[in-house]
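For reference, the structure is listed below as structure tokens.
All chains are identified by letter, namely A, B and C, in their written order; residue positions are counted from 1 within each chain.
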Amino acid sequence: MTESSNVIPFVAEDERTSSVERPGPSSMAFAEVKRMAEALVFASATPVSSKMLSDRLPDGVDIRAVMEDLRKDYEKRGVNLVRVEESWAFRTAGDLAFLMSRDAVQQRKLSRAALEMLAVIAYHQPVTRAEIEEIRGVETSKGTLDLLLETGWVRMRGRRRTPGRPVTYGTTTEFLDHFGLEELRDLPGIEELKGAGLLSSRMPSNFSVPQPPADPETLTDDEDPLTDIDLEELGLLTPRVEGD
Amino acid sequence: MTESSNVIPFVAEDERTSSVERPGPSSMAFAEVKRMAEALVFASATPVSSKMLSDRLPDGVDIRAVMEDLRKDYEKRGVNLVRVEESWAFRTAGDLAFLMSRDAVQQRKLSRAALEMLAVIAYHQPVTRAEIEEIRGVETSKGTLDLLLETGWVRMRGRRRTPGRPVTYGTTTEFLDHFGLEELRDLPGIEELKGAGLLSSRMPSNFSVPQPPADPETLTDDEDPLTDIDLEELGLLTPRVEGD
Amino acid sequence: MAEQGQAAGKAGKPIPMDKLWAEESSEHGVSEPVLAVDVEGFEGPLDLLLHLARNQKVDLARISVLALAEQYLQFIERVRQMRLELAADYLVMAAWLAYLKSRLLIPKQRADGEPSGEEMAALLQFRLKRLEAIRDAAARLVNRNRLGRDVFARGMPEHVVVEKKSTYTATLYDLLTAYASQRQRRAITNVQIAKRGVWSLKQARDVLTRLVGELPDWTALDRFLVQYLTRPEERATAIASTFAASLELVREGTLEIRQQEPFAPIYMRRGTKRPETAETTS
């Protein structure tokens, strides 16, 4: 029996074989009822009450006995069956909490505005903030652009050689990774967007979707590279600190 | 040992105690790692990738071995461990569907066209829209592809390296998860279809060109002559009010 | 999109044609019954062919392509005779099958660069088989134990981070939808500002048909229009369309028009024929 020590939760089984003698339905039926209860509790979004279980499970089942048995099955596993008043729920074992909470980073969905801006940057890069606003027809809140930079999907590429030398934006390799694109040119064009039903097939004739550059790393003719001074100005580079 | 038959899933344990001899971490460590993996996957409603597991679990753990072991633990339980590509998830057992269906969220039913297009995409991927139309012999109605993309089961994969660089479509991990497939190879009947050459876009050269009967007007033994009534019986002619 | 009558099957039950005509005309009274072939149950001509092929009750590999082509063409012919509308796809297939038929019936020509009838027939069989295979595959797929219907995920997920790094998620679909809809929104807004209401010929015809039914006496066209126009900027287009439509109606005999001299008001009255009977048989 010592060998079974590697399979922690089920070690308990052997100790509980006596449970067979329990009065009630035959052991096979009992096992089946256990499976049913297990599935019900697993799939439920809230703890499952004994009443609900007795509604769903075959008549005459001793709910308490079934659940106690299940609870023992899970006693030493990574997941435990816990009773909350007269309801039941699975919770990860308390001693494993460290695993769950390690980096409790919230996965957040991008807002609509951020998605739109990201899409404009992807298709129209290199693009300045003023151009983004022109395309979207709304003013860009500073926060949205910051947020996009923070996602790591958008970067500052350089500066446009026009008055005011506005910063140009583009997408990053992580952007491609995240969206499963091999290259920027994999972004669907106007015909594809229409074909997929995302764009009305009756767009005005002067409507176009730009084709993103083949090589996003190369600056265009009217772009200057960002210098260290630029980065400092933009608050992105604090002297002497290796940023990442 | 026969007594343990009432606790279905754990019966398997006894047969697997030999797993202790497995090289690698000590058996206790292995069991503990299993608990950790179990907790991580159990806690999540969506499949957990092997990569994520190896990030969280102690170094040098054979993720695949751990997960295979866990899978066996749960094989006969009401909840099963399933693999979806390189990710893992717990799901209620398929044979308990009758019990669970009351909880089923009313899902939007796929239209026949959408379902058929989904199948074409699944079996023929990567596939372009033109190829889908070729296979189905009909133009893609507006909104069908869009709807499939919206379900999250279909994605744009990339572009075909042919003139026009059409976008190619394929299925997602969610597609596999939804239909309970470990990987694309598990698509029902895919091997037979491939073997029969029915998954190629062109007629394969080995596709037998049937010998026409000597007199094409003569029906073969198992053919019935067509009557004029047939067409009406097919119910093809029905009125439709103009409006589209 | 509520429950689709999936169980009803695709083609539904055979319904006698005359009954359908009767129902149609009684329900819609005066208006010309617009009939169309119910191809809605079918996913295009290939699907229809597959359906016809199955009716031959033989394995697709042993099917008589010639008979199939005949049957399809017969169907199209019949629809034509009834002057029903049919989607272009179906007509293209008919043309192809007619060609196939001719190739199958003439003796094999050497080296004319065209595929032989047998090759074309084999291609059709291949396409039918392929479609049938995918159809079956779809059925098998949809009948699997499906997540959220038969099989369930953890109902009470706990807080676990699946991806280690990326804090934000979005799918390519989200991205493209966002892009397409915003560009579309802008583009269409722009267009609508420039756009002027235009009366289509059909609109004008509808209006006229409705009007002439009520007018036994000569009336000026302008008077009709004023009655129906609310905005002056639509006047030009309405007059143009109505005039064109009126000529059409005159030709059909449902309208008479008269004008005393150039640029004088145009008078019109009901023609000898009732508009309801526009569905003539000449």
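By definition in this document, a residue touches a chain if its C-beta (ideal position, glycine included) is under 8 Å from a C-beta of that chain, and two chains touch if they have at least 3 such contacts.
Computed from a prediction, not measured in an experiment: that's the story for all the values here.
With chains as nodes and touching pairs as edges, the resulting graph is complete, every pair of chains being joined. Distance from chain C peaks, on a Cα-centroid basis, for A.
Central chain assignment: B. Criterion: smallest distance from chain C-alpha mean to the mean of all protein C-alpha atoms. A separation of 42 Å divides the Cα centre of chain A from that of chain C. Each chain gets a centre from the mean of its Cα atoms; for chain B and chain C, those two points are 33 Å apart. Chain A and chain B have CA centres that are 22 Å apart.
Shown for chain A are the residues in touch with two or more other chains, namely 39, 42-44, 90, 92, 100, 102, 180-181, 188, 196, 198. Residues of chain C found to touch two or more other chains are 152-155, 158-160, 162-164, 171-172, 176. Residue ranges of chain C in contact with chain A, taken from their complex: 152-156, 158-164, 166-172, 174-184, 186-191.
Listing the residues of chain B that touch chain C in their complex gives 40, 42-46, 48-49, 52, 55, 89-94, 97, 100-101, 103-105, 107-113, 115-116, 118-120, 122-124, 135-139, 149-150, 152, 155-156, 177-181, 187-190, 193, 196, 198-199, 203, 207-213, 216-217, 219-220, 222-224, 226, 228, 230-242. Only residues 1, 3-4, 6, 10-17, 20-21, 23-24, 28, 33-41, 43-49, 51-52, 55-58, 61-62, 64, 66-67, 70-71, 74-75, 78-79, 82, 84, 89, 93, 104-105, 117-119, 121-123, 125-127, 129-131, 133-138, 140-142, 144-155, 157-160, 162-164, 171-173, 176 of chain C touch chain B when the two sit together in their complex.
On the chain A side of its complex with chain B, the touching residues are 3-10, 13-14, 16-20, 27-28, 30-32, 34-40, 42-44, 56, 69, 73, 76-79, 90, 92-93, 96, 99-100, 102, 180-182, 185-186, 188, 192, 195-198, 201.
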